[in-house]
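The first chain written gets the first letter, and so on, giving A, B, C, D, E and F; residue counts start at 1 in each chain.
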Amino acid sequence: MLLHIVNKSPFINNSLESCLRAAKKNSGVLFIEDGVYGALDNTAITPQVKKAMKDKKFFVLASDLKARGVSDGVIKGIEVVDYGGFVDLTTQYDVVESWL
Amino acid sequence: MKFGIMINEGPYTHQASDTAYHFTKAALEKGHEIFRVFFYHDGVNNSTRLTTPPQDDRHIVNRWSALAEKYKLDMVVCVAAAQRRGIADADEAKRNGKDADNLAPTFRISGLGQLIEAGIQSDRLVVFGD
Amino acid sequence: MSDDEMMQEGGTIKKFCYVNRKAPYGTVYALESLEVVLIGAAFEQDVSLIFMDDGIYQLKKNQDTSDSDMKNFSPTYRALEMYDVEKLYVEKESMEARGLTEDDLVVPVEVKTSKEISELMDEQDVVLSF
Amino acid sequence: MSDDEMMQEGGTIKKFCYVNRKAPYGTVYALESLEVVLIGAAFEQDVSLIFMDDGIYQLKKNQDTSDSDMKNFSPTYRALEMYDVEKLYVEKESMEARGLTEDDLVVPVEVKTSKEISELMDEQDVVLSF
Amino acid sequence: MLLHIVNKSPFINNSLESCLRAAKKNSGVLFIEDGVYGALDNTAITPQVKKAMKDKKFFVLASDLKARGVSDGVIKGIEVVDYGGFVDLTTQYDVVESWL
Amino acid sequence: MKFGIMINEGPYTHQASDTAYHFTKAALEKGHEIFRVFFYHDGVNNSTRLTTPPQDDRHIVNRWSALAEKYKLDMVVCVAAAQRRGIADADEAKRNGKDADNLAPTFRISGLGQLIEAGIQSDRLVVFGD
C-alpha cells in the first residue's frame, strides 16, 4: 500500500487533486510543506479532503503547520505527526510516492 | 530499515532540502540506515561550499555536511545535473578547463546509476522536491 | 511615464506595487520579496502591497518556526509601517476561499474585491510579482 | 522488500515506476527524468512509465525547438523501446482534459483510467515522480 | 492599461485563473512558456479563456507553441506573436505584470 | 524605450532565463535600451562561470555574457540572494573567507537598490520567473 506525500498548496496547484484521483482505498496521504494547507478545516478545499477521508488515512506534519501558524485549524480525523512519525509512516506503508 | 533519499531542489528557494534533512536526521535517530542521499536537478546546489547565508539563518550546506560526518552518510551529487548548474569538484573543474571548483567536503560527484542503485538497495526511496 | 508620476526632491516618484501570491516557508519568494520591499522603502516611492492567493498566508498570525529551523519573518510585516509602507491590500475572494478573516492577520489590511484589486493594479507604474 | 521481487543473474529485480506529470521545456524535469530512465534501463529492472497531468505533453507530436534554442528531446521517447523500456501508460482523464488522443503522441502508449493507474502504482516497488 | 503575462500551465497552476479574476476589461493577456497550453482550443480550460476573450485581448508566443508541438491548436482570435511582437506588446501596454 | 529586466530563476531548471534572453535580444535588435538586467532569487545561478552544459545544448551563462559584451549590458546579481546560493566574486569570496569564487565575467554583484533603481529609471520593468 502506498503513502502519498503532497507538498503543494491545493489552492495553487493541482497535485492534491491528481493524488486523490490516483490514490487507492486505504492508502495514506501525508501533507507536508505548503501542502499542509490542504489539512485545514473551513476552506474551499475542505470538502474534497473530507470526502477522501472516508476511505483513506490522512496525516499532516506538525512543524509545517506550526511554522505557518495553522496548527489549530486541522480537520478532525487527520493525524498530526512529527518527523519521527513521518519516518514511521514511510516504514508502515510499502512504497512512498511524492506528488511533486 | 534502509532508506534512499533523493533531493531535487536547491537550498533556501524550496523547502525540499530542509524537509529532507529533518527526515534523514529523524530516521537516523530512530536507528534506521541511510543507504545514500542523492542530489538531482537543482538539488545539486545544496553541495557548494561558497554558500554564505545570513547569520540569523540556518546554513543548509554545512548542516548536511555535519550530518554526513556524524553518521558517515554517502552524499552523491549527479554529475550531469551538476555540470548544467556550475557545481564542480577539483577533478571536474580540471576536466572541463575551469579555474575554480566549489564542491563542499562530504559530498561526492557521480553518475545517475547511483540513484538507481539506491532505489534497488534501499527498502524505501523517499523523494523531496518541488 | 504616466501622468501620475510626480517629481519630489529632484527624483521621480513612481507607484510601485508588490503582488504577493505565494505562501511563506514552502518557497523563499515571500521572504526575498519582503527584502525588496524593505530596500525599496528607502527610495521613497509610492508603495502598495497586494496579498492574494496563498500570499495571504504570509500575514497569518501565530507563525512559529522554532521546530523548523527556519527564519520566522512574519514580525517584519508589522515593522513595515515604520518604513512608511502602509498600503496593504488583501483580496477578499482569496481570503474567503481560505476561511480567513482580518482577525487572522498580523497587520491591519484593507480588504478589496477582485474588481477593486484590478482597478488598483491598473493605476500602478511598476508591478513586481512574487 | 516485497514478495514480487525476483532474483536474476544474482541481482534484485524491482518494479520501478517513473511518474511524469510536468510539461516539457517550461522546466527541465521532463528532460532530466528521461535521463534517469535511460541510465536506469542498464540496470535491467522492471520499468513502467506513467504520464499524467501535463506529463502527457512530453509525448506530443511535432515538437520543434528550432526557434527556441533548446534541445528537442521528444525523439528519445521513440528510442526507449531499444532500451527495453516498453511499458508506457497514459492517464485517460488527463488526456481528455487536454483534448488529446493517442494519435497525438509520438509513441504507442496504453491508455488507462485513474483507477487502473492507481492499481498499477500500488504494484510498484519504487516510485520516482517528476 | 496592463499587459498580463501568464507562464504556467492552467491545468496545473491557478495563475491564469487569478490573472483573469484581476484583469480589467481591455487589458492584454500574453501566454508564454508552459502558459501557452492555455491558448489551445478543445481543452477543459478553453471555455474560461473564450469567455475572457469577450472583453480582453489575448496573445501567445509562437516559439513556445512550436517547441511544444501545439502551434496548430490555438483558439481562433488569439494573436500569435514572435519575440519582436512580445517586445512591441510591452511597449503598447503601460505596465507589464507577470503572474509568477 | 528603456527596459529593466528581472530574472528570478536559475538556468535550465526553469525557462525564465531563456525567455528573458530572447526578449532582451529582441528588444535590443529593435533599438530599445536595456537599463539593467537584474538577477534575483535563483536567478543568481545564471552568473556562475563553472557551468558546463552538454555539448548539444545551449550555454545559458555564456549566451548572456556574449549579449552583454555586444550591447554593453549592465548585468547585476543581487548580493543577498547570491550569498544564500553560493555565488561569489573575488571580493565577496575574500570577505566571506572562501577559498574560491565563481562569478562569470560581465556580471557584477550589487544590492537590491539596483533593482528599485531599474524600476524607477526604466519605462518598463519586465519580470521573468517561475
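The rule is simple: a contact is a pair of C-beta atoms (placed from the backbone, for glycine too) under 8 Å apart; a residue touches a chain by one contact, two chains touch by 3 or more.
Note that the structure is a prediction, hence the values are computed from the model and not measured.
Between subunit C and subunit D, the least number of touch steps comes to 2.
Traced through touching neighbours, the fewest hops from subunit B to subunit E number 2. Listed here as common contacts of subunit B and subunit F: C, D.
Interface comparison, B-C against E-F: more C-beta pairs in contact at E-F. Chain centres here are Cα averages; for subunit B and subunit D they lie 25 Å apart.
In terms of their C-alpha centroids, the spacing between subunit A and subunit E amounts to 33 Å.
Rounded to whole angstrom, the centroid-to-centroid distance between subunit A and subunit C, based on C-alpha atoms, equals 29 Å. Separating the centre of subunit A from that of subunit F, both taken as means of CA atoms, is a distance of 38 Å. Shown for subunit F are the residues in touch with two or more other chains, namely 12-13, 15, 22, 41, 54, 57, 80, 84, 123, 125, 127, 130.
Among all residues of subunit E, those that touch two or more other chains are 7, 11-12, 14, 33-34, 63, 82, 95-96, 98, 100.
In subunit C, 21, 25-28, 53, 68, 70, 126-127, 129 are the positions where the chain touches two or more neighbouring chains simultaneously. Pairs of chains meeting the touch criterion: A-B, A-C, A-D, A-E, B-C, B-D, B-F, C-E, C-F, D-E, D-F, E-F.
Listed in rising order, the residues of subunit E touching subunit C in the complex are 1-2, 14-15, 18, 21-24, 27, 94-100.
Contact residues on subunit F toward subunit B in their complex (touch as defined above): 10-13, 41-42, 45, 48-54, 57, 61, 80, 83-88, 92-93, 96, 98, 100-102. Against subunit B, the residues of subunit A that register as touching in their complex are 5, 7, 32-34, 63, 82-84, 86-88, 90-91, 95-96, 98, 100. By the touch rule above, subunit A contacts subunit C in their complex via residues 7-9, 11-12, 33-34, 37, 40-44, 46, 62-64, 66-73, 82.
If you check the complex, the residues on subunit D that touch subunit E are 21-27, 53-54, 57, 60-68, 70, 72, 74, 96-99.
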